[in-house]
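Attaching a single structure in structure tokens format; questions to follow.
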Amino acid sequence: MGGRFGDGAVIPEAEGVLFKQDWHRRALALTLAGGTLGLWNLDISRHAREKLAPTDYARFAYYEKWISALADLLVETGALSAEELATGRAAGPATVDVNVLRAADVAGVLARGGPANRDSGPVAKFKPGDRVQVRARAENVTVDGGHTRLPAYLAGATGIIQRHHGTHVLPDSNAHRLGEAPEPLYAVAFAAGDLWAHPEHAGDQVVADLWQSYLSPA
Amino acid sequence: MGGRFGDGAVIPEAEGVLFKQDWHRRALALTLAGGTLGLWNLDISRHAREKLAPTDYARFAYYEKWISALADLLVETGALSAEELATGRAAGPATVDVNVLRAADVAGVLARGGPANRDSGPVAKFKPGDRVQVRARAENVTVDGGHTRLPAYLAGATGIIQRHHGTHVLPDSNAHRLGEAPEPLYAVAFAAGDLWAHPEHAGDQVVADLWQSYLSPA
Amino acid sequence: MPHDHSDDHPHALLPSEPALKVQALETLLVEKGLVDPAALDEIIDTYEHRIGPRGGAAVVARAWSDLGFRAALLDDADLVLAGMGLHGRQGEHMVVVENTEALHNMVVCTLCSCYPWPLLGIPPTWYKSDAYRARAVREPRKVLAEFGVSLPDTQAVRVWDSTAEVRYLVLPQRPVGTEGMDEAALAALVTRDSMIGCGLVAAP
Amino acid sequence: MPHDHSDDHPHALLPSEPALKVQALETLLVEKGLVDPAALDEIIDTYEHRIGPRGGAAVVARAWSDLGFRAALLDDADLVLAGMGLHGRQGEHMVVVENTEALHNMVVCTLCSCYPWPLLGIPPTWYKSDAYRARAVREPRKVLAEFGVSLPDTQAVRVWDSTAEVRYLVLPQRPVGTEGMDEAALAALVTRDSMIGCGLVAAP
């Protein structure tokens, strides 16, 4: 969606506004609690939102995407059956092996988070200052139609390595349960004039975090 | 939208099905009649549909896009006022200078159509068999966010000139009332393997009609 | 809802129900004298009863029957079709592409819904659908399978994306077992989908 | 409607009204023993009352007040923030980027809505909107204008698109006229938007 035309104004919002509707609270909490069951990882859950039909992705409210993707994942992993979703009645206790988040553990789980860096992986091929070219198509090269974190607006662009973040889990693999496949991750800087036909300002830049396999020397 | 993932199956339809709802008929006829008023050209009307908000473009039915874009164009050109749209009542006869299509002229107008070829324009730089590279971004290079007929999935790709169609009006200019700016138009063939990470078949191709200014020698 | 930009457009002033939207606009345009209701009826009648895929089918049947016609059609379709009265709006620049044992042609418009109206009439719902527009260029064989068409590996698929004002008609392969048939009988075999490249013409 | 693919997804079995959808799912998950309602309340309470932009503001105020802290923060934010208890979910890998006279930083996530939760809480509606996601990378200055921010031509804009698990916090420029203020007073000046790069910190 980065770079898309036709969207309207950005509407600022006061700092105290957190949830506009009560169901937003529940959707957030349910999604976070669902994420701790141990049935999927963060990349799988992002992909589940992206896999919503394009028309649903466009028309659903933010937390509606979350809750819909959550329902899809619960059925996909066998935690719920389609019948249970359709009837709204549990056919019995869950039969999948899960960790159920308890109130007393919430603070610890949130504080721990889920670091994505790993100790080992391929050797870094690039260093800050190197010129790199991004893969020509923003597609998952392993799984047809699969998850990728390469934004379409950067496909084929040339940039400069700005920072080496260390070695991070590759979402293109992890979202499909194909292993973490950690790789060097870099912040790559692109000149606005190399990305857009009508850049606002010659000196402006976009920086994105890109995995080593998305890049080749330029 | 070409190449997008996540859309469902294509549902075949019997040959006799023309209009699924009565308002589809009226929307088609109104749009065609509106197009003969002389207030806009075909490229302007295509751009009006594309300029619908992305969420509207995604959720509107096909003829709903047509009718909404028609309403926008009528107000934009002064044929109708916003007040008239809002109230549904004409404030008086139209004050713009138009050609009103009469029933007796329909057959002739449809048979004549609106050819897009022109006698003169820049010299053709390419001939069948030449390798060309498509512009890196599917953006209008003259008007920020303007109309273009370069599909995003072909941006940056390399193909082979298949056929020279002659000299055709350039939509990127004509859609913005900047003149017809006719240019050589070519059918350009791309190997499926150069467009997609997971092509179905090595020998398959996509051919698109692209204007000379979209292309550079490769 | 994500922030919705539609409020900035005049069309948002119309009723939101599409049927009412059309009706409101038609009423206004007729009142303003910008549209003649009889012309609307005439347009509808034209595409409901006079212009449709039987026009294209007659062209295909003649191309199968007459080698000279076929050669002329493939060489300069505009000239040939104008002579048959099968030219006009959304078919001003026609190219006919021929299916062979080695090559299957298929037509799409990924940017909107461009289609050869004088030969095939108004496009079917699926041709205008997001699914067809998105998938025909990337996975034509999967799309063809949804039409019940399976092509051998030895036959390449060439998908024509109608990005300009050129319109494409597919000349399907003539089925075996039709040697003795006349043009009218052959035309009856030719389906609309086969002229878009989403079907094959079956033997009778 | 264009053909709608949503029927293929299990979520289409839930009520279509979002509030009912959430309620149905919560009821089911609790009945199945997969979710503890008290844990849901605890999560909500955490983000409504304990984790929010005042965390980030305290960090900014200290960085303005203490040059050693500032240097350490810019060098290794994870180490510094973990020491302050401002680390965790959606902030496991933090990078702090500093605004200067020559450079203004701004943060977006074009792919979803990645945001430094331990420092800023849950993202505002606009940060998650299509409009911000689409436009921040292409026309950041027009977006800034909608926040009332206008930057000189001599100041470049660098937009950080949060495409991986690294989260960015903007260290805004300290306003003039705040020399005598202590950390608590400074923190009160720091707005959430300024730490996303969509606002400037105004002098008191």
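Read from first to last, the chains carry the letters A, B, C and D; within each, the first residue is number 1.
Keep in mind that, in the parts below, a residue touches a chain if its C-beta (ideal position, glycine included) is under 8 Å from a C-beta of that chain, and two chains touch if they have at least 3 such contacts.
Computed from a predicted structure; not experimentally measured.
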item	value
Interface with more contacting C-beta pairs, comparing A-D to B-D	A-D
Remotest chain, subunit D as reference, centres from CA atoms	C
Centre-of-Cα separation between subunit D and subunit A, whole angstrom	15
Computed distance of Cα centres, subunit B from subunit A, in Å	34
Chain centre separation (subunit A, subunit C; CA means) in Å	40
Subunit A: positions in contact with at least two other chains	4-11, 51-55, 59, 61-62, 195-196
Multi-partner residues of subunit C (each touching 2 or more other chains)	1-5, 8, 125-126, 128-131, 134
Residues on subunit A engaged by subunit C in the complex (per definition of touch)	6-11, 54-55, 59, 61-62
Interface residues, subunit A side, partner subunit D - complex	1-5, 7-13, 15, 17-23, 25-30, 32-34, 37, 42, 46, 49, 51-56, 60-64, 67-72, 74-76, 79-80, 82, 84-86, 88-90, 92-94, 98, 100-103, 105-107, 109-117, 149-151, 153, 163, 165, 168-169, 171, 185, 187, 189, 195-196, 200-201, 203-211
Interfacial residue positions of subunit C with respect to subunit A in the complex	1-5, 7-8, 130, 134
Parts of subunit A lying in touch with subunit B, wherever the complex brings them together	4-8, 50-55, 57-59, 136-137, 139-141, 144-145, 152, 155-157, 195-198
In the complex with subunit A, residue positions of subunit D that touch it	1-2, 4-6, 8-11, 13-14, 18-19, 21-29, 31-36, 38-44, 46-48, 51-53, 85, 87-93, 95, 108, 110-113, 118, 121-122, 124-126, 128-143, 146-147, 153, 156-166, 191-193, 198
